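Shared between the two complexes below is chain A, which pairs with chain B and chain C, respectively.
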Partner chain A sequence: MFSSSSLPIQPLCIRIIQPSNLIKRMSVTLQCPGYPEDTLRSLAERLPCRETQLATLLALMGQPDQYSYPSVFIYGHRATGKSHVVLSIMKDLELPHASVDCVECVSSGLLFHQVLSAFFGPDAAALLPRCPSLSDFVRLYKQMSSNSPATQTRYIILDRAERMRDMDFSLLPALLRLQELVNDNVTVILLSEIVWEKFRPNTGCFEPLLFHFPDYSKAELVQILSWDHHPSYTPELYASYINILLGVFFSVCRDLRELRHLAVLNFSKFCEPLEKGEAKESDIHKLWKNIEPHLQRAMQTVYLREVSSVQWEQQQMDEKEATTLRVLSAHAHIELPYYSKFLLIAAYLASFNPARTDRRFFLKSHGKIRKTNFLKKHEKTSNHLLGPKPFPLDRLMAIFYSVVDSRVAPTASVFSQISSLVTLQLLSQVGHDDQLDSPKYKCSVSLDFILAISRCVCVCVRLLDLLALSLVIQSQVVRQERSLFTAVSNLHLL
Partner chain B sequence: MGNCSNEHRGTSFSASAASLSNPLICSSINTFFFLDKYIFSQKSCDGKNIGTYSTASLLALSIIDLCETFYCHLGVNVPDHAMTFRSLCNLLQDSVTPFVVSVHAKECAGVYFCISTLTIRIIGLLQKSTQVFPQRTESLTNSDFPQSLPVVVIFKDFEAFNSQVLQDFILICSRYTQELPFIFIFGIATSPSAIQHRLPHSVSSLLCIEVFHSLSCTQHLASVFDKLILNSQFPFKLSSRVIQVLVGIFLYHDFSVQNFVKGLQFSMLEHFKSQPLSMLCCQKQEALLSAKTLSKKNVERIRHLPSFMRYVETQEPQEQVRLLTNDEHVKEVCQKLLKNLHKYHKNYYPILQCLHSLTSSLPKFPLGKHIRELHVSCIEKNLWETEEYDSALQLLRILAKDELVAALRKCAEILKSTKILQNVLQQLEDFIGRLEALEEDSSGNGIISGKMEYQKTDLFQLQKTLLEKESRRTKRMNPFEVLRSQVIEFIDSLVREYLTPAELQPLNEVCYYSSSGVLRQRLNVTPRTSIQAALSHPFYYLQNESLKTDAGTISSAAPDLCIVYKLHLECGRLINLYDWLEAFLTVMSAAEDQDTNSEDARFIQAVSEMEFLGFIKSTKQKTDHVARLTWGGC
Partner chain C sequence: MSKRRSLTEAQCVSLAQKLLRERLCHQKLPDRPLALDSQYKHLLELLRRTAVHGESNSVLIVGPRGSGKTMLLGCVLRELMSLKEAQKNVLLVELNGLLQTDDKIALKEITRQLHLENVVGDKVFGSFAENLAFLLEALKKGDKSSSRPVVFVLDEFDLFAHHKNQTLLYNLLDVSQSAQTPVAVLGLTCRLDVLELLEKRVKSRFSHRQIHLFSSLSFAQYVDAVRAQLSLPPDFPDPKFSDAWNHSSYTQSLFPLSAFTAGIFKPIHLFLSVSRVSVSHSTLHEADLLEASRLISADSKAIILHGLSILELCLIIAMKHLNDTYDGEPFNFQMVHNEFKKFIQRKSHSIHKFEKPVVMKAFEHLLQLELVRPVDSGVCKVQREYQLMRLMLEHGQVMEALQRYPQCPTDVKQWALSAFA
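Entry: the complex of A and B
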């Protein structure tokens, strides 16, 4: 037995283990002493394309009764099998472990509670005080482990460890050297999607062992996706289907989950000619011809997950001749009462026009404004690039009254519409100091949205003119901006 | 006697209105019917064959831990949502799973609150109040929770939720879907793309999403209109102005069908309260019975009704005298008129529907897109005198044969379903038969087949020949055109006979509620205007003679607050408190018998009341100044 502080820390802290270098032949090396062999084999079968990682992890863990490294940090992109691999090892080898998702831990007490109840049963966890501190946890752990010392290494698996950073600042450094603190054979495994550099607290801490899970390659994706083939079709057919699918989607999406979803979604369409008897399983080219346009269409919508599989299938049935997607058209459409639309337009105008131009835009007989220095220099840069600006309620109402054709009484329902627009997050309230007397708002909808609304509201040309005028004055480069906007929003979607 | 029965009838009517408004709720529920069925089928699938390949979402459930999710895309009418969700909740509880929990954004400020609310409600549903509730759903599964039943969580106002809370909640739930299947229902008021704005892809990919659209609120309104207003079974009617007010509130302000029905109920109560003769507003037999036993007072009231007076004027002098003197005769006439009124209503609605079905397909909708617009213009004035009606008829006159036949068929079906106006129906069918039997007569097509003579013409002659041709063409019509014009004339005669404005019917005041001003005042309130009216004209509310003042003057008899308010109207954006006080003192000094000591205190109190009402606020811009918050300062 040795204390973990005596471990040579220095060389380990930067070394990132490259599994491929360590282990060349996974099937041969997957023989770890201390673990049953057939379990290991079935484990390796259940984790395709992660054999190297599996072997490395097992090597790191050592034999069950040996002390393991105090903390391991595993990172890699989403859906690279981090939690799956770790949890499968734990479950199949029946190792004592506590798996905690940090999202659940709104307080550190919940984390302690889960760890203690996993290791020592719920009775031990019940001993925790109402708002347990870290020292409470360590004390209780020590007490319990002295009663039942670890015969095997205990593992604490913290999924989505990036949430730990928002919790108590001392929690992460303490957990990293928990082995030392409680003097027990315990290892903390942190799982995260981001790199260790973003975790390191500025006071310094014990450096965990870093371990990277690389993305799946295309061949590996094919191998994994071919796993869930349909019982009534041959695996070869499914594999060729997966190949076609990846040919379309691999360039835009490498997320295994998403690909799997897409594969399931479109398989019935792929099999349609087979069921109708129009093609045989060997006619891959014919099948490809059939499915390709559907996959292209799927690329536009399903990535957004706004229709379910069932609805998607139905849509595919319906849309033999229709080219436009119904769901896409639902995007722009939004039902608002008449005055709400005007309020929104007024809010948009107030948010994107400087207040000093109001007189010019909304007054019928505005004074003459000298053209040369009408707008200050900083105002000439388009407001659309700068984002919406807050405006007071009075200004909104003033613009609203000048925009609406008819006379509108300032009824309670007009004001309640503003607050309902805020709840719908079409407007957002800013500032916290003076909410009652002079609330300020921002308009948080896009130009396209406003244009769509004003098109369906305005029979009056004046308002459209007004919109156009204010836009032209603000932004000389509306078109460039628009393309910029679409580019940005596309990025968001990805 | 009258009053008592009125009240009684009023309540019965409001009850019937409420029950009649239920079909509306049903129609919204119909949208959820699919959802219900869907969940059900999912459930049965879950039980039988987990792990097979039958549906995508199942696979997802077994391998990629998905939560089933439904978006219910609803309009923005917030008051209606509560009702919709309540009925959805009941529906699901009855048919799918008892564990239906709905949460509000207000209750979910953080993940902790969200989960604890959910847990408490589920435990409440489990009716294990004695159990100390666990903080996490995981512990729930350990208890004897029925395994196969999913937990349905309804997020009533999706947009109002904090997106971080929602993300965390979904992540947590997705961890436990293996043991405890979750179904989320998001109520979205804007558009389905809101989901992408709130949830990142990592979270939304955990969901298996199904989108449901509820009916648009205008469709809801149309169904309510059909059930409650365009219905001869329902004796209470609204005048055109009242309908316009109610529809205006609906379309311009809230899109809420519930508020519309409430407005309807309110106007009904108002009608029964304000109009004593509304005791006659009930089903035909009852009305006739109560008309027989009219009290003397009520007979006198009937004589004073404008519509009845108009009726009397049209009668012969002898009859007039009898009507004005003989009570019994008035009662008899009244029964006759009531019968007529009921008959008018019975005939009115089918013909209105016919006319609507004829005109609703015309380009540009000269008589309105919706039947309510047509209804409003019919009961308001003589429809056939309007320009819109003329243009509609003109458009009907150029309909092609098949279109005309189809439109007439529709009308015939409407009349068939109502089983009245059989003679009209017969005539219509006769027209249809004749139209169909019409041979395509090419010779009578009106094309002039005379030989064309090419000769030099001057302008005058050309004009003359063209005019001649024109007149010749109008003279000669083919049989179809003749028949068509007959049909149109027939329709016109129907409109003139049956769609007479309700306001011209004698005794219409009994059934029609017409005080739109009251309704507007009650339903579309303007708190700001009334506060300002109260402050500037205290007499309006206090009704104290001493407060009557001319415009522009400030009387010292008014309450302090009013004086201070009037004085502050004269100031700019920033008000000097000292000047204000001086002005106040000047006004006060006009009244002699005042103790001068307390005036400062009264002023300060009035100013703080002004601040409380939101007219001014303290400012740091200038010392001893307050800032105005209302307009007029700039």
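Entry: the complex of A and C
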């Protein structure tokens, strides 16, 4: 019996559960003298689709006692295996290395501490003064390495190296030429997502060797994702599931980690018809029809992290009993008091309509409709593309009174709802806090949200839907203004 | 007669790699730097005058990165220390602008390297003012005849000029101008305008002696220099192997390389080619050098564009169109989304409509890759969708990336090529 809640999210380190016939593994003969052959072979097996990069890295590193280039910069997209390959090489071949994640190093002292303790033990790291400078680090390193010189190349691996740009300005150039400064057989490997041109300091520095880890192609992604198939089902079924998943998600996301997470979360739903007995393993079309809307919904919720994975799994369990498809959205859960909804709608209209048009839209008798150009030249592209404009409180209240369907007295409860909206960050206050007589606000929600809440308000506010829509149209097509005017004036006369 | 056991091919290759790697990476000093004879003689003469005759001097060695400044200095110092009179006398203090980022740290380092009395073990006692006074006192007490000459080497000299008040530079150059301990101040820098960084009082104490290192080699000299770097020494244990190695022909491939290397002493290409040598491939070929230069000259941004998803690529094309239409003015996410929607509605067959949050997530991925940057980084009082951004790619890069993109749908390509979207 296969239950969804017991499926754990697997850690990133990919382990082979069983070799499958589907995957043709390349027989790579890694020629690298100085390292044991069988270790190299097992290493190559653990790094699928990365055999070329492994071979090049080993060629660059050379034999353990030879010198290697002082600094290497490895770049590539997220989840392309950069850290995994480098750290696997270091661990399996048992090379002396210090692996530091630059996100953890809020100060450079932490970096120095980690490097020294990895190479020379914690006693050496304890010799560092309180706030160590780069000078202290280099001096101490020289001292320690003269006591115990390097028989093999030492490697310093700096992950997420883009954070180093925000640390001391001399840290990056100094680490790039560390081999020369400490006169020892040490190589610094930088791993990053961002290209080298963004790292280079103003006056230049020692250029590292650039090495690119290419992204996985679709076929390679299928190959890698097929490796963690569930033992109760055949690998072919899992491979076809992965193909369906990639068909939905590949054009949006090519990140291996995300795809793996989505694959694990949705597999139980995919297997539902098989469990219930409604379909066999070869009925791919039926299984596809079952899973495809589910994956589309996953794209709108779990992929965007609007819903956590636990909530998603819980939903799947609930749906097994009920058969309705519920649309999840974070916005649907916001509950606002009655007048706050009108205030928000009024704020949206105030932000996106120029003030000149208020008369025409909101007054019942606005006189003749003139044929002048509705929007001024500079406003033609502006409204919905440049963002909301600030409006004073008086204008908001004026629009509010004309929009709300019953008579509302200007009591404190109405005004306090405005400040609640500001606290909820649905409105934002523009200008100084202590401007008490005419505060200015801006609407910070989108049209979709306004339409969603206007549907919750009672039916006669349909006209507001139309108004909101008309604002969308007007900013794009100006020539239809006359018909627009007649439509709006007809609404008011209703 | 000693019988030499002939080494196997693998051992030869391994030994050759070891030698060359040490020469290229560890940058062992050559016997004599190539094509820098006049500069070498000049510098050696200056230092000899300080060391032997007790004359104070200051000189700046200026040259672009990779032109051999540190190497030149290393060779000169090595020869200087081999002179009998200098060997026992000269004190050497080496400072680096990257490491000694502050005058305090620099002063402590000088005191430590000179082994003055306020150093115990490794720790330097006293405050900055006390250390400075002590050092100057120690330096001032001497004179030409009785005290030992000191050579100060300041690497990354331009960084010292950014310290507060340029105290260290002022004091060192002051000592070098007055008749006290013979002192030689050598600065190495890559900036040609380094003198403008100095304050007036510091500049006037400097002797304005500059040694420039610009590589002015003809192609034949360049080829000779590279061959010298890559050839195995005559005492290599297997003479047949070293003969085959030294006579392998790769001269033709050096012509494109010579165009964009700063100097012959920047050995990335050579290192890459050497690393490809293995047992199956035991001499250096032209293909190795060409492959190395191809790897080095690759455009990394275009390579990164290869790994983007289709949605992200469409966003980049939309931004490119906005740039073309509005002449490079900054845009925001709302405008990009608008362009993308227009494409979906009118021209696209293969890409279906994505929800706005999904498009926003793709846009944020581009932000994280720094292909798009906000105009005013930091202050964001504006909502995320309306914050103004700029595209960090050029028209040509985008088009080139499109050509290489795997399985790019034709309607996307046509959209990119159309002049008015």
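Note that in this section the second predicted complex is superposed on the first by the 286 of 494 C-alpha atoms of A that agree within 3 Å, B and C clash if a C-alpha of one lies under 4 Å from a C-alpha of the other, contacts with A are read in each partner's own complex, and residues count from 1 in each chain.
The definition used in the following text is that contacts are C-beta pairs under 8 Å (C-beta built on N, C-alpha and C of every residue); 3 or more make two chains touch, one makes a residue touch a chain.
These figures come from a predicted structure and were not determined experimentally.
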| item | value |
| --- | --- |
| Contacts of A:L336 with chain B and chain C, given as first, second, both or neither | first |
| First (chain B), second (chain C), both or neither touched by A:D358 | neither |
| Touching partner for A:E51 - first (chain B), second (chain C), both, neither | neither |
| Contacts of A:A59 with chain B and chain C, given as first, second, both or neither | second |
| Which superposed partner A:Y75 touches (first chain B, second chain C, both, neither) | second |
| First, second, both or neither for A:D394, with chain B first and chain C second | first |
| Chain B/chain C common contact set on chain A | 304, 306 |
| Chain B to chain A touching residues, read off their complex | 38, 52-53, 55-57, 59-60, 63-64, 73, 75-76, 78, 110-112, 135-136, 157, 159-160, 168, 171-172, 175, 189-197, 201-202, 204-205, 207-211, 213, 216-217, 249, 251-255, 524-529, 614, 617, 629, 631 |
| Interface residues, chain A side, partner chain B - complex | 78, 101, 103-104, 106-107, 110, 160, 228, 230-231, 255, 257-258, 260-261, 264-265, 304-311, 327, 330-340, 394, 398, 409-414, 417, 420, 423-426, 434, 436-438, 493 |
| Complex contacts: residues of chain A adjacent to chain C | 31, 33-34, 59-60, 62-63, 65-70, 75-77, 80, 133-135, 138-139, 143, 168, 170, 173-174, 179-181, 185, 193-198, 203-207, 209-210, 212, 214-215, 217-218, 250-254, 299-300, 303-304, 306, 384-388, 444, 446, 448 |
| Interfacial residue positions of chain C with respect to chain A in the complex | 10, 14, 17-18, 21-22, 25-27, 65, 70, 96-102, 105, 109, 122, 158-159, 190-191, 266, 268, 271-272, 275-276, 278-280, 295-296, 298, 300-301, 303-304, 306-311, 332, 334-335, 338, 351, 354-358, 361-362, 368-370, 382-383, 385-386, 406-407 |
